[in-house]
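These notes open a run of structures that come right after.
Presented sequentially are two complexes of chain A, the first with chain B as partner and the second with chain C.
Up next, the complex of A and B:
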């Protein structure tokens, strides 16, 4: 019997093909747009997190206690080199780098600004986060007192590749020292803090300048997303200030949550459209066939079979719309993943907030599974009212009306 | 056997426009009878047919199908009764438009859970009797009115119900098709032995019926066996 009911449902779904195809198109287009928006939202946050991790904290950062509050090199991690080697042996660790940071004054002949100097090992940073990809102008070269400067800081100080700059800071013995540097390259990390006030120099030169031991560091950054790893590092180095990426960047956590809200709102709006679309087509279709249902009840067809038929009609429309939406959505998402959405005309505003001008999307299976269940739910819910109309139907009224 | 005892039915009861549609009807229809409820428009023949077919309720009295009082049954039980004991033929055919002739004829059998083999065999048998066996793969809208009504009759008789209730089955047919349909229904009545009850004022049916029950203003005025 159910095979026959399925056949009836299928044929009835396309009894008015133009109307049904319109609803299917509406579902497919709105769903694909929703998938594209979800992919873009997630892609924006993912890119921002990725760049922040690569250029800054990694997945886990270790500091000496109080360093993050005082920002003074007297709160340095002693024997950081040994800690780094030990962490590298832990399971789930992809890369570890040591960094030496100090705050000071960066000057040109005409201007000066507060700046943070980052001592880094270029080879390690390349392995850690493909550092060279942040280069906007010039070259990646820290030899002969070479320095790389954040793009916003370069604008503030009006320096270009080749400009000479002076960095002044207090060394480990408390004396104010200065070092002359030459700008070799300008970086854009979209990590707002780094772009607006950071310069990067070779870590060995910076140790020498600050009078610190080459075995020490102010930050140990670890790449490795495993939750277990964070737990192990925290317990192994309880004497240090060990923080995960999201603990260091609460703003990004908020942004992630905000994107979840945006996605949920988009999802809700699209599913409401789907619900209204299916409801409309099913309701009108039932009104068109109310006499047919009355007669079927009259000749002895049980209501349960009619209910199954109506559910199937609704699910057929929803599922075809879903399949169309999924195919279109994959096309959009693959395009956005591979080519991105170029928003260069809004680049200043986007980069100020840490987003890239070209936003690339992400693709997650969950987009499709959650949409699938939502469409099935919308299909099922949309027939409740039309079914109530049939349930209340008295066959004799239909038969009398016929006469 | 169908037995009606003091059946009364009102429309708009206790309102100024109250109509006494059936008035103290007492009637027995034996198995295999070919009966016509006849009378002018509004005399109550369709109301009587609907009451016997468990489609409509009555205000007082009893209607027995064999020993079962169908007036006391729940809605679900009445639906089940209509499915298993009765076959309906309506004025406007009322076939399922998306199903083929074959599927329409086998529809009630399918609902009743007959096997595909039984359905196929019976569809061939009935369609052959009604001379629509060459139309089985067509959709209802590809048939003429007379052919559609024959499909409706085939659907009604396919599952071998005890009673066939036909309300103005020839109203939308020309006299030639009406005659063909009536002849075929008589043939079925003879071969299958099921009771056939018509509500109609068609002269052709009146000529063919072996029993004519005359109604006027809801009152049974004559019961003529031939």
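Up next, the complex of A and C:
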């Protein structure tokens, strides 16, 4: 019996092919657009988080108490090297780096700007966050007073690879010191703070310049996403200021939350409108065949079989629409993931906001599962009112009635 | 045809109500969304313009691209004399900017130190209005320094404290002096408040050996909408190939671009809603005509032309769309108008997005009749497009075939 019902449902789904195809097209187009938009927006945030972690704080960062407020090398982590070695032994830790940071004035022969100088160990940074991938121009080389400069800062100072720059800052004893550096490379980390005002030099040279001990650091950054790890580090180093990535970047946390809210609202509105579309078609389809249902009931077919048939009709249309949308959505998402959306004409603005000129998307299985359930639910709900109409039918009256 | 269309609308209530509601929602949503987006962008731009950047600025060519003392404006007075005669200019002033190190007893920080004309600056920018502590500068302020609160915090200074300055003078020699902190300001722009400081030009010119020189001349116009016209007049009056007069659109190119990108993403999101709603209106229109094939067949048999059928469908969608838009316009308009005057305030928003140049927690809307008109026009166009497929579908039937359709 159910096989027959399925066959009838399939045939009835395409009784008015133009109408059915319109609904299928509506579901497919709206679903694929929604998937592409979700993938693109999630990709933007994911990319931003990934690069911010790799270039900046990692998953966890440790500072001396008050350093983040005062931004003064007086508040340095003493014996950071030993702490680093201890953290490396903890379970879940992927990489640890030490960094030394100071604020000052960066000058060329013609221009000056405020800047932060970051002392880093290139080999450690490579292991920590594939540092060389941030290189936009030049080479990754900090030898012989070499420096790497953030792309926005390079634009401000009109600096190129090979340019000579002078960095002046206060050292640990309070004296103003200057150091001449040669730009070896220009970096684009898409971390706004780093791109707009940072230069990177070898950490040993910076220790020497600032007069600090090579065992000390202003920041210890840890890569390791385990939630337990954060608690362990926090309890082990309660004398330090230990912060997770999202604690240090409340803006990104808010962005993530806003993206979830935005995607949920979009999803709800689109699915509601899709529901209205399916409902209209199913309702009219049932009204068109009201005599047919009356005859079926009149010759003794049980209502439950008609109900199953109508549910199946709606689900078939919903499923075909879903499959069309999924295929189209995958095409869009794969394209966005592999080639991205090229917004090079707005590159200055995007770089200022910490995005790349080509924005790549991401693909999550959850996009397809949540949409699947939403479309099935919309399909099932859309037949409830039409079914109530059939249930109230008096078969004899319907058969007698003019169409 | 109009009355025929009206009768059809009243007869096919389901389709009429659905089309009306969806058109109403999409019109409301579209108008309010665009108003909010434009309002936020205008607010960001206006705030930036109010703080320090002028509507128009005059530079020596290459000062912005190359920089250096050889690209300072050498005879600023000759230019400002010419500006006085230009209609549309509200105020102007010269500025001399340099970067140097400011040091308190224990701390040092880099700063942009600008020599300004305090009285003129009161009209031109909001730095005087942003006074937090102490007092703003005047012509006779001598070595008084007026600095951003974040910069002062870095240097651990209080009003009345002394601070040393080391920088480069206009002739490339070293310039050093001891300033006295006379006042602090807070504009809300984190970057500006943590880097900028000001000294009266009367004093600073002596120190920097920069009398009658300027990094640039900043200009405030009476009406921002006429900035291009004023700018072209300035260029004409200056008539000097070594000078360039730039409007805020060029000076704040990155920010303008950023707004455009934000608009692109906003419209991408919005297009999803409009496409889905377009489809549903089309589907309901299609269902409606497909259930009236027989009726159309009979009408065609008695002489209804294709143009008449198109008119009928057109009037149906026109009446429904107009009714929805007539209702949506005052409601959406009121929402936009209300929030233009009473902006939405999100506490902590400016603090959160300070790195992105956001200086205010307020999010005003933009009540603009022209923008509203094109928004509503687009909804009309989408609704009209939705009758095309049903129209072609109906016309695919021959009159006899349609009149026998079951």
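Convention: the second predicted complex is superposed on the first by the 399 of 403 C-alpha atoms of A that agree within 3 Å, B and C clash if a C-alpha of one lies under 4 Å from a C-alpha of the other, contacts with A are read in each partner's own complex, and residues count from 1 in each chain.
By definition in this document, a contact is a pair of C-beta atoms (placed from the backbone, for glycine too) under 8 Å apart; a residue touches a chain by one contact, two chains touch by 3 or more.
What you see is a predicted model; the values in this text were computed from it and never measured.
The superposed arrangement places chain B and chain C next to each other on chain A without a clash.
Contact with chain C, but none with chain B, is seen for A:112 once the two complexes are overlaid on the shared chain. Within the superposed three-chain arrangement, the count of touched residues of chain A is higher for C, of the candidates chain B and chain C.
Legend: residue contacts after superposition of the two complexes on their common chain; A:15 is shown touching chain B, with no touch to chain C.
By the touch criterion defined above, A:141 reaches neither chain B nor chain C. For the combined arrangement built by superposing the two complexes, chain A sits at the apex of an angle of 100 degrees to chain B and chain C, based on C-alpha centres and given in steps of 10. Contact with chain B, but none with chain C, is seen for A:4 once the two complexes are overlaid on the shared chain.
Of the two partner chains, chain C is the only one that A:192 touches; chain B does not reach it. Of the two partner chains placed by superposition, A:163 touches none, neither chain B nor chain C.
After overlaying the two complexes on the shared chain, residue contacts for A:301 are found with chain B alone; chain C is out of touch. When the shared chain is aligned, chain C comes close enough to touch A:33, but chain B does not.
With chain A used as the common frame, the shortest Cα distance separating chain B from chain C works out to 14 Å. Counting contacts by the rule stated earlier, residues 403 of chain A appear in both its interface with chain B and its interface with chain C.
Residues 1, 4, 7-8, 11-12, 15, 291-292, 295-303, 305, 395-396, 399, 402-403 of chain A touch chain B in their complex.
Those residues of chain B lying in contact with chain A across their complex are 46, 50, 55-56, 76, 79-84, 86-88, 90-92, 94, 96-99, 103, 107-108, 110-111, 113, 155, 167-168.
Of all residues in chain A, those touching chain C in their complex are 16, 18-19, 22-23, 25-26, 29-30, 33-34, 37, 40-41, 71-72, 103-115, 158, 168-170, 174, 176, 192-193, 250-251, 254, 262, 266, 269-270, 273-274, 276-277, 280-281, 283-284, 288, 343, 346, 348-350, 352-353, 403. Residues 14-15, 18, 22, 65-68, 98-101, 103, 106-112, 154, 166, 168, 195, 253-255, 257-261, 264-265, 268-269, 271-273, 275-277, 279-280, 282-284, 286-287, 290-291, 352-353, 355-356, 389, 393, 406 of chain C touch chain A in their complex.
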